[in-house]
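Each of the next two complexes has chain A plus one more chain, namely chain B in the first and chain C in the second.
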Partner chain A sequence: MSDSKTTLQSPARSVPLFSISRVWTLAISTLTQLIRMKTFYFLFAFAVLLLVIGNFNFASSPAQALSTIKKVSFGAMDLFAWLFAIVATALLIPRDIEDRTLYTILSKPVRRIEYLLGKLGGVLIVIGISLSVMFLVCAGMIQWQEMGYIADEVSASPNGISDETRQAILLIEKNGFHSDLAVAALASFMKAAVVASVTILLSTFASSSLFTIIVSVLVFLVGHAHTMATNFWLAETDNNMVVQMLLKLFKIIIPNFQIFSFSEGIVQGAALVPALIWQMTGLTGAYLVVFLLLSLLTFVDKEF
Partner chain B sequence: MKALFQKSPRWLLVLVGLAIFGIVRAPFEEHTRKKLVDSHLLLPPPAQDAIQQMSQSALMGTLGGLRTLVSSYLVLEAFEHFSNKEWEELRSAYAIVTSLEPRDENHWRDVVWHLGINATANMQLDETIPEFERKRRFNEYALLAVELAEQGIAQNPDSAVIRQQLAEVYREKLKDDCATARVYQDLVGLPEAPQYAERFAGYFLAKCPGHEQEAYDHLLRLYYEGEHNHVASLIITIKDLEKQLEIPRSLRITEPYPDLPGLTQP
Partner chain C sequence: MSEPAVEVKNLTKVFSTGLSKNYVVAVDNLSFEVAAGEVYGLIGPNGSGKSTTMKVVLGLMAASSGSAKVFGLDSGDIRARNEIGFLPENPYFYKHLSGEETLKFYGKLCGIKGSELKDRIADLLKLVDLENAANRRLGGYSKGMLQRIGLAQTLIQNPRLVILDEPTAGVDPVGSRQIRDLILKLKEDGYTVFLCSHLLEQVQEVCDRVGIIFKGRMRREGTLDELIQIDSQTAMTLENASPELMSKIHDLIASDEAAGIIEEGHPRTTLERLFIQIADQNKKEESA
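Right, the complex of A and B next:
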């Protein structure tokens, strides 16, 4: 009988099924990765665009000038958000494979859903920061222009403010900055979030980033023309039964991105309907959950 | 179930998942889309004829959710046409712009201003064009401006700026006092209507043959509404109408004829 003592190892700590802190760590590392790709340089281009539009003397009235600044800047914000969502999301997984970071991450107790969620979270944080900065720059520009136009109107009537001047000031204020515009930026964020979730699903299937980008852009364009295309085809084919069936299938499979374009209405001065904004937030959440789960379905036992 | 899950190709499962989600979300999305359009938060799809007129790049931009950018670019293009006095091109550019953003009253106001005021002024002055052609085009642009203003008002029923621009076309170019009065009267009560609209409706109604009594009643009501309406032009018009309508002296307003430089008391 040997009296040598055997030392028992303490049992391995159980790993929780899901950890927010792991997702957060992955999201922050994705954010760092994207910052290193110099993505925020786009903000300089945006600032230059705003300066050019702000000093372009083509509008027939101050109201028209302010309206144009708002439209161009919010249009550029929207464009940046969805384009960035596609490109950044499409690049992330292939780059992790190429750098072999993916193997290091997945060899640790990290669930694949956490990995996908972390990646998506990182992209959404970058989009959120960019949209916030662009919104602040845009708000500053609009308010600066608005104050300038109002000062011009006031100085043009030295004998007190007349009815006409008051009318002109009201029109300038109507087309100027208002806090609802923050919801327009939020609408662009929602659209970008849905686009990113669609792209992450495609990237779990795809063999290359280029393929993912091209297909995602196509899905986005087609999804944007939902109503326009269905109306057009139905009119062209005289409500043909087969076309109607195909259109139903098309509507079911392709996300409707057009309804996420409600920032355009807000920029044009439409009054906010809080119930609708909440509905759209809920819909965005549903898209994120469903597309992440579908991505997991492909990604869960994918061999690298 | 687990075996079926493992055996089925993943793309098929994803498609089934997409279809189930699609069936659930489609009615909700359609309902939300209608509500968004009704509340003016979402723009309705552009009209068929606008799509046909658009260049490929503009159409792609519109499809890609860049309607506001495309329309802003077209407004810039229209401004260039205005600078070059290319009225037909300007008209085509605005046909697309107003179709892309029918609820932006600024676009309607601008196209009415360009065609109704600028293009007609150009036709009055441009001696390189034969006179009969200038007259024909003057009428064409003025009437087109009126038609566009009416389309704009149909899209934006509460718009004061389109009506103000329309009134200017009737007043300055078509010299139609009755129509001018009608447009100013339409302005009254609108959320952004100028305060002078009600007075102006009276002034132009006074010049509209057969409506003098109506104009007199209208202006007198404004006069008795308060001191703020006792402006020189209102008093002069009432006094002129009193003479024209032979109102008894006892019923006439007591205010003296305003002493304005250059104005000779009749």
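Right, the complex of A and C next:
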């Protein structure tokens, strides 16, 4: 403190227009907060779920058993990702406001967009780490089961591998682990990122976390019927111009979560179409930019 | 003359309540200045507009009309935030972080890194006497400790202006005195302190100048001496005065028609001072 007097005379220090380091600091702080809230404990629950379906699977064939493991585990991963994205994002900002932590953060040279990005980034890092761990556990379980089933098939044919056995092994391999499954995990992550950005927007003006969570879940559910709903209503010629405009607005505002549904096909063994990955990535990026800009518009002049 | 640390000119802040279009004037045409290096206290009852004024100075709120400047910069200018350290009333920092992690977090937000940040954190923990609790999570801190880590947080980027909102609210007298001592140390080190409080005794002990605000309007402003001295009265404290001397004094006063005794008796300490004295004595006995 001894040299403070000289520093106190210094002129106003400049603040960069945008600092990735400040965003990173806020994201890591959010990550630490979520870790210390014991968020990752659910990974044990996921591991137990996998062990249960792996060992007490009453499917009629090995291929069906593997398919069940994949469907259940990827379903659980997807459910965790979007639900966590909504709940964590809806709780973090209101809690900062309620505890006045936001005052101390925004009274430092922190821009509001940096704060929003930091919070979103922290939630997405937790989801990213969780999905990666779940994917690895899941991949390990599927491969372990797959190898076991193949070994059973081979040992059941002591006189050499017959065509029938070869067919059975091929079917097991088809329903076993393949690298395309990583795209399904990526789709879950991107879906969670979009739903988190919608939740961020809602939490910038909503008065309670409960409202934010309910509306976010509604948007998420409606977004799954996006194409069907808009095609049906927009095709109605009886609709007047106002209704048509409202429907078009709905089409723009509500994200189309159906773009991520191709991942279900991948889990069931369907071939991967690269164009769909690009479309999904592009639309995710666009949704993130739009919702973050809208969040900033409402948050930038918000008074605390 | 150097630039004022805070310059509030004709500041008015109006809030609308709900959809009924009712308006509440929280701050009404308020003007004052805080000179660089001084400790300025803005006092007033709850709801008088102190915190609103503070939030406008911090850039957390926009003025309905008028202006607020910090070292010549508009309070909405992000560069002004580099010059300000802020401690809100009853601060709740992230409970999951330790004292040291909290300072590291705020330091990084201010762009301080590496050994500079490490040294700064060590200095501040020493200043607020929390070196032994540096690795404890804030969830386990007492109210006084939270206020002190909060004070350290305000100083992390070595700002020129420190804004404190009710810094001793809810803190026991010992903790309260520690915070007062820290404020006096800040003044000694050349910081400008802008303090909002309704604890008059505290303000009296640390502030150079005081503004008294009621219903968003400045009622009185000046140095402490100007504000609290009663020009028409004179106090005299005597030591070892004999009854004879007291009798002579009484006779002398009685001989003057205009003069009179308003109060007479043995001077008293305050309950707060007595409490601190007992606490200190207890501490000494325990350590002996």
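Heads up, the rule we're going with is that the second predicted complex is superposed on the first by the 272 of 304 C-alpha atoms of A that agree within 3 Å, B and C clash if a C-alpha of one lies under 4 Å from a C-alpha of the other, contacts with A are read in each partner's own complex, and residues count from 1 in each chain.
Heads up, the rule we're going with is that a contact is a pair of C-beta atoms (placed from the backbone, for glycine too) under 8 Å apart; a residue touches a chain by one contact, two chains touch by 3 or more.
Predicted, not measured: the structure shown is a model, and the values here were computed from it.
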| item | value |
| --- | --- |
| Chain B versus chain C as contact partner of A:T25, first or second or both or neither | second |
| Which of chain B and chain C A:R100 touches, first, second, both or neither | second |
| Touched partner set for A:V15, first chain B, second chain C, both or neither | second |
| Partner chain in contact with A:F74 - chain B first, chain C second, else both or neither | first |
| Touched partner set for A:R111, first chain B, second chain C, both or neither | second |
| Touching partner for A:V290 - first (chain B), second (chain C), both, neither | first |
| Residues of chain A touched, compared between chain B and chain C (which is higher) | B |
| First (chain B), second (chain C), both or neither touched by A:E303 | second |
| Touching both chain B and chain C, residues of chain A | none |
| Touching residues (chain side chain A, partner chain B) in the complex | 56, 58, 60-61, 63-64, 67-68, 71-72, 74-76, 78-79, 82, 163-164, 167, 170-171, 174-175, 191, 201, 205, 220-221, 224-225, 227-228, 231-232, 235, 251-253, 256-259, 261-262, 264-268, 270-273, 276, 279-280, 283, 286, 290, 293-294, 297-298 |
| Touching residues (chain side chain C, partner chain A) in the complex | 55, 58-62, 71, 73, 78-94, 96-97, 101, 105-106, 108-111, 123, 127, 150, 153, 157-158, 160, 163, 185, 189-191 |
| Complex contact set, residues of chain B against chain A | 10-11, 13-15, 17-19, 21-23, 25-26, 28-29, 32-33, 35-36, 39-43, 45-46, 48, 51, 60, 63-69, 71-72, 75-76, 79, 101, 103-104, 106, 109-110, 113-114, 161, 192, 194-196 |
| Chain C-touching residues of chain A, taken from the complex the two chains share | 1, 4-5, 7-8, 12-15, 19, 21-22, 25-26, 29, 32-33, 36-37, 99-101, 103-111, 301, 303-304 |
